[in-house]
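Both of the next two complexes hold subunit A, though its partner changes from subunit B to subunit C.
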Partner chain A sequence: MFKKLLTTAMAAAFTVAGQANAAEDPVKIGFSISKTGIFAQGAASQMTVYELWRDQIKARGGLDVGGKKRPIKLVWYDDESNPSKVAPIYEKLITDDKVDLLLAPWGTPMHLSVAPVAEKYKFPIVGNTAASVALRQVSPGYIWFPTSMFPDSIASEMAKMLKQQGIKSAAVIANVLPFAQENQKFLIPALEKAGIAVKINEKYPPNISDMTPLLTKVKQANVDAVIVLSYPADSFLYMKQSKEIGISAGFQFLLVGPSIPVFRKAFGDFANGIVTMGHWSPLQKKWWPRAKEFTEAYSKKFNMPPDYLDSALAYMSLEILEQAVAKAGLDKEKLRQVIATDTFETINGPVKFTGVENKLLPTGFLQIQKGDLQIVWPEGMATSKFMKR
Partner chain B sequence: MDAFLSGQLLFSALVIGSVYALIGLGLNLVYGTMRLLNIAHGDLMMLGAYTSFWLLSLVGLSPILSLLIAALGASAIGAAAYFGLFRRQIEISGPVEKLEANSLLLFFGLSVVVQNLAALAFTASPRAVPYLDQVFRVGEISMTANRLLTLGVALALCAATVIFLRANIYGLAIKALIQNRDAAKIVGVKVERVQLLSFMLGFGLAGLAGVLLSMTEQISPFMGFPFTIAAFVVIITGGLGNLTGGIIAGFLLGFIEIYGVVLTSQNARSIILYGVFVAILLLRPQGLLGGRRVVR
Partner chain C sequence: MTAAPTTTAPGVTGTWRFPVATLAAGLFAIAVPQVVGSYYVSVALTLCMWIALTQSWTILSGMAGYISLGHVVFYGLGGYVSVVTWQLLPLWVAIPLAGLAAGLFAAIIGAPVLRVRGPYFVILTFGIAELVKYIVINVEATIAQAGRLMFGTPPVTILFYVMLGLAVGATLLAWSVRRSRLGAGLIAIREDEPAAETIGVPVVRYKTYAYILSAVIPGMVGAVMGLRLTYVEVLQLFNPIISFTIVTMAIIGGSDDARGPVLGAGFLLVLSELLWSSLPQLYMVALGTLLVCFVLFAPNGIVGLLARRGGGRR
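Here is the complex of A and B:
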């Protein structure tokens, strides 16, 4: 009796397994993400995009792998915002989980630590949310960066824009974290070269809880432009305290923060006129319908607009990967070849890599106007004119 | 140097100082009466801040009303912690050094549990309560309403606590317990009841401080720890268990923080603050006003 039961059960099990095989194995796509720790807030706008894309692929009947549609499965681990955990996670994804494709982690340090893994296993990865001149030192081959936010070009473009606005003096205050420091290093000489007097040039710690002393100095310097090289938490602090102290410079720039939807929601009308870095806005009609569709799908799924910087970059990396896989299939070497040489259509216009960089996209600036983010620089892709705050 | 004389800085120093004084006061009440080192003090503030955030965003309740609700809620947690964890601990720990060490570990555990439960329940995303953010200008000083409210409420609470300790029978009993536990017992102070009261008062003040901070700071499950450290610096500087000393030390540290930064740079904040702290401890190890108290 027992034997008979066992045989039946085994037969049943084999049938189920056989059916699963017939229904096509999913394409396994792996990545690590900062689900907890200090980067969790920033990384959220990337994770949401990955989830949106997974749903979109499912709705389209699967991922086009060299002409054949296959289901996908996301495999991910939390890197706890610790860059040293990223490389082991990607090694595990490649050797243990045996994933077919890899997506990028969040942030510059994570990208830098994943680059050697990509090279070691000859596994192509399209990066997204990284921005540093250090990326140019990454040996080209298996990783690419679609962003145009390199601090040296941010500095030179900023100097050009300020000069055009007739700005004569500036105050620069910077967080001591790496990306802000890199920007400060390039910005000060660029401003001075453009004939803009830098009256205040200071740094502050990341855990700053009161900016009053710093902002009091800035107010007394009475400058035309206030440039705050900030991260999200201190961007919020600047907004609250500059309101109290009454900083009225016509040009006010915050590095990271204003592109996060919560920022505009928190400050309402008072946020109007704030400038930040960025190269994408759904308001630029020349990137429609892709950009519009993405924004609408994202807003519908998550009940808030996407982050115009990180969410856009994350989605671009997925568009590039999807188009490359449709052409080359899952063979790593063919895939690498296609990503390195083809031109891709994205929500931010065409992307083509030269080495690790996407040189088709210019460095730009966004400004909050009437509650939305408009591209105000460079003129070629601007959606609105810069307005004094 | 112009910046140094600005009234703006004076206002800022007073606001920071009053917050330090308030959180120090809550911690000092629990330490002074029972020798319990409440390392979870900042986490109770965090709970107060979330109370204010959720009540405002879900039912539109003003943080001013949340002050009362958070204070009552935190006091209830205080009572629960007293009966559940610490009453027995105080009885069985024997020498005071052992009680201090045990309480430190217990509160540390409580802190970890509370932080992580909050992270699970509320997620780690920082939140903010945009409330009372209109700006008043008096002469050259401009003040955001919520910071002005923080200053007013914190000052009033410090004053009320000091008056309570001097004028009310239970307040006097708390002071008696701080001064000499055994003598207080002998003269008929109901130690149990006074301990419970201190617990509730200390925790309640932390909850209140959390609501005040919710209007000016970003709220996250891990926001409490820096304030716990600040509170310890304040009460050690003022003299452990010396409530007036703690209040003075809170304001002193607020002024040192703001004016020290103006004279040097924002990056020097921690160096100046902790430099002064270490210097005070070297010169007066018992703290500014400590030492007159007879330790049991």
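Here is the complex of A and C:
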């Protein structure tokens, strides 16, 4: 019985390997993704973008490699949402699968795990869905981060925005997981410096199933702004329980979650007015004319809009890589030089890296208005004015 | 102690063949980094990790029958010690310190925890691992260390050598405990605890010793794996999947013989390497199916199957 099972498993593995060998000399592009495990829900909006891009490249007749069009083949493995699996996977992709290019995994811990591998093998990787001040500690060289979502700048921009809205008091509650904690660490002093009284400053566990006591306290504090430094699951919980308790602050912020299309679908009109972090919206047609085209292609293929944060970042990283490969070909050192020094056109505007950071993109905030996500900050980039909830 | 040895029969290797073979295999494995690429060194590191963890687990859970579903707590504590002390203490101090911390923790919680048996013990060990996880998460959040970046950690080859040493050490430890007075006492406890106590087995002391012994090596394994991470999230260090995998490997390999964990870990790792890269979803399904099949049809694991095929117990 076990023999049989093992034989079947091995046969399946060999069939897949055999199919891979049959393809004609494509450019092999490798990555790891959290297909299973706790990050699977979030990583899905990145995987879909990789698939969309693969189809688009196919439709365009191949990837432009230094002037020559070549077919591409994605080689990927499931990292099971386990950051310690990411480095070995990328080592396997480089040394065993001998891929020509690498794409980024999903999320900050995964990016930070892969950075030393890129460095060791001198293999350039354009990152995407990572956001942490820790990224700046990565030595510049073979990995870059297009995001503008650094917790210190989120904190200072938020303080500016709240001050402009005439907000005098705030309640801050934060998940104890790293990204939320980084934000809390920078946000509290920034708010206090801006003269906003932080009446509640609390933390909650990552798998919180009842926020009622915390939210009751928030309601009693009667503040102008409620800032929830949340992950997707607790963003959903906040929405449900804040409705029951009747939190009515004019400014309500959730860190991660509202940009996922399902969020707006789940809460309908009640989601209107919720603010979240973000630096992209297809509604900003003047700044990013190609954003709409991407949104339409994505919606057509997957029957839902893209995630305004992760999908946009993932697509940006692909655009950067594609343009760099067109110029430099597949030579790693040339590719590295081009990525590090050129300016790239993306759906989120021009990208140019200074060290590991993309400083051309401002830190912004999105607000759900009439079921869509509008950029409400910074003012120059805004697609709509902030509206009190 | 007179009654105990009669129950030690399953698979106990009566000669020195087993430790000699273990040491030889260990020496042979030293050559691994010279002959394979770095990816396969990390696979070998993972194999050694699982062998060390599962062997340690069998000291309490296999021999005394106290099934721990929270062994990750020792791994996590060890990992946390090595992460916190990284660049403050040299490796040769940090790793034993991690083992010591895990052993000390086992000694402290052993007294209350080992008072319960059966499903209560299973639930309690699981609960303690979760409790410690959240305590560490909160400590990290309070000292504003939201995820630590680890720079300049040792290369995988070095970590592999340390882990190989731990795997060999854990295997020899499990083997020698099984042959010792302590092992005989533990097996007596597993078969009938009140009877063992009546005939003079120091039940509480033996269980506590076994708990401590089964915790020290996982602490050191965690310390080594902590250095494999470049970005540390506490959730990963205390991932309950680690506890579940240990139990699965022990069941599949057979926990009543020091060869069992080696076979269980090896078998599951080969299976996962075969399926993981091509059919990731199927891997978990296959794992679940295998576990059910082993529990139903081969409760003594691969070792039991081999013994049956070999015409009886050796």
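Here is the rule we go by: the second predicted complex is superposed on the first by the 362 of 389 C-alpha atoms of A that agree within 3 Å, B and C clash if a C-alpha of one lies under 4 Å from a C-alpha of the other, contacts with A are read in each partner's own complex, and residues count from 1 in each chain.
The rule we apply is simple: a residue touches a chain if its C-beta (ideal position, glycine included) is under 8 Å from a C-beta of that chain, and two chains touch if they have at least 3 such contacts.
Just so it is clear, the model here is predicted, and its values are computed rather than measured.
A.B. asks: For A:T95, decide between first (touching subunit B), second (touching subunit C), both and neither.
C.D. replies: second
A.B. asks: Scan A:A40 for contacts with subunit B and subunit C and give back first, second, both or neither.
C.D. replies: Touch status of A:A40: first partner only.
A.B. asks: Tell me which of subunit B and subunit C touches more residues of subunit A.
C.D. replies: Ranking subunit B and subunit C by residues of subunit A touched puts C first.
A.B. asks: So in the superposed three-chain picture, is A:M387 touching just subunit B, just subunit C, both, or none of them (first/second/both/neither)?
C.D. replies: In the superposed model, A:M387 contacts neither subunit B nor subunit C.
A.B. asks: Tell me the contact category for A:M304 with respect to subunit B and subunit C: first, second, both or neither.
C.D. replies: A:M304: touches no partner chain.
A.B. asks: May I ask you to decide whether A:V65 touches subunit B, subunit C, both, or neither, giving the answer as first, second, both or neither?
C.D. replies: Neither: A:V65 stays clear of subunit B and subunit C.
A.B. asks: Based on the superposed arrangement, let me know which partner A:P206 touches: subunit B (first), subunit C (second), both, or neither?
C.D. replies: Only subunit C is touched by A:P206; subunit B is not.
A.B. asks: Please indicate which partner A:K217 is in contact with in the superposed arrangement: first for subunit B, second for subunit C, both, or neither.
C.D. replies: First partner only.
A.B. asks: Give one of first, second, both or neither to describe whether A:L112 is in contact with subunit B, with subunit C, with both, or with none.
C.D. replies: second
A.B. asks: Return first, second, both or neither, reflecting whether A:L330 touches subunit B, subunit C, both chains, or no partner chain.
C.D. replies: It touches nothing on subunit B or subunit C.
A.B. asks: If I apply the document's touch criterion, which positions on subunit A are contacted by subunit B in one structure and by subunit C in the other?
C.D. replies: Subunit A residues touching both partners: 36, 176, 203, 205.
A.B. asks: Please give the residue numbers of subunit A that touch subunit C in the complex, ascending.
C.D. replies: Against subunit C, the touching part of subunit A is residues 1-2, 5-6, 9-10, 12-13, 16-17, 35-36, 77-78, 80, 82-84, 87-88, 91-92, 95-96, 108-109, 112-113, 115-116, 132, 134, 137-138, 176-182, 185, 203, 205-206.
A.B. asks: Please give the residue numbers of subunit C that touch subunit A in the complex, ascending.
C.D. replies: 37-39, 42-43, 134, 137-138, 140-141, 144, 146-147, 149, 151, 225, 228-231, 233, 235-236, 239, 271, 274-282, 284, 286, 289-290, 293, 297
A.B. asks: Which stretch or stretches of subunit A touch subunit B in the complex?
C.D. replies: 36, 40-41, 44, 176, 202-205, 207-214, 216-217, 220, 232-233, 236, 240, 243-246, 266-268
A.B. asks: Would you tell me which residues of subunit B are touching subunit A in their complex?
C.D. replies: 2-3, 6, 8-9, 12, 16, 119, 124-126, 128, 130, 133, 135, 137, 142-144, 147, 216-218, 226, 257-258, 261-262, 265-267, 269-270
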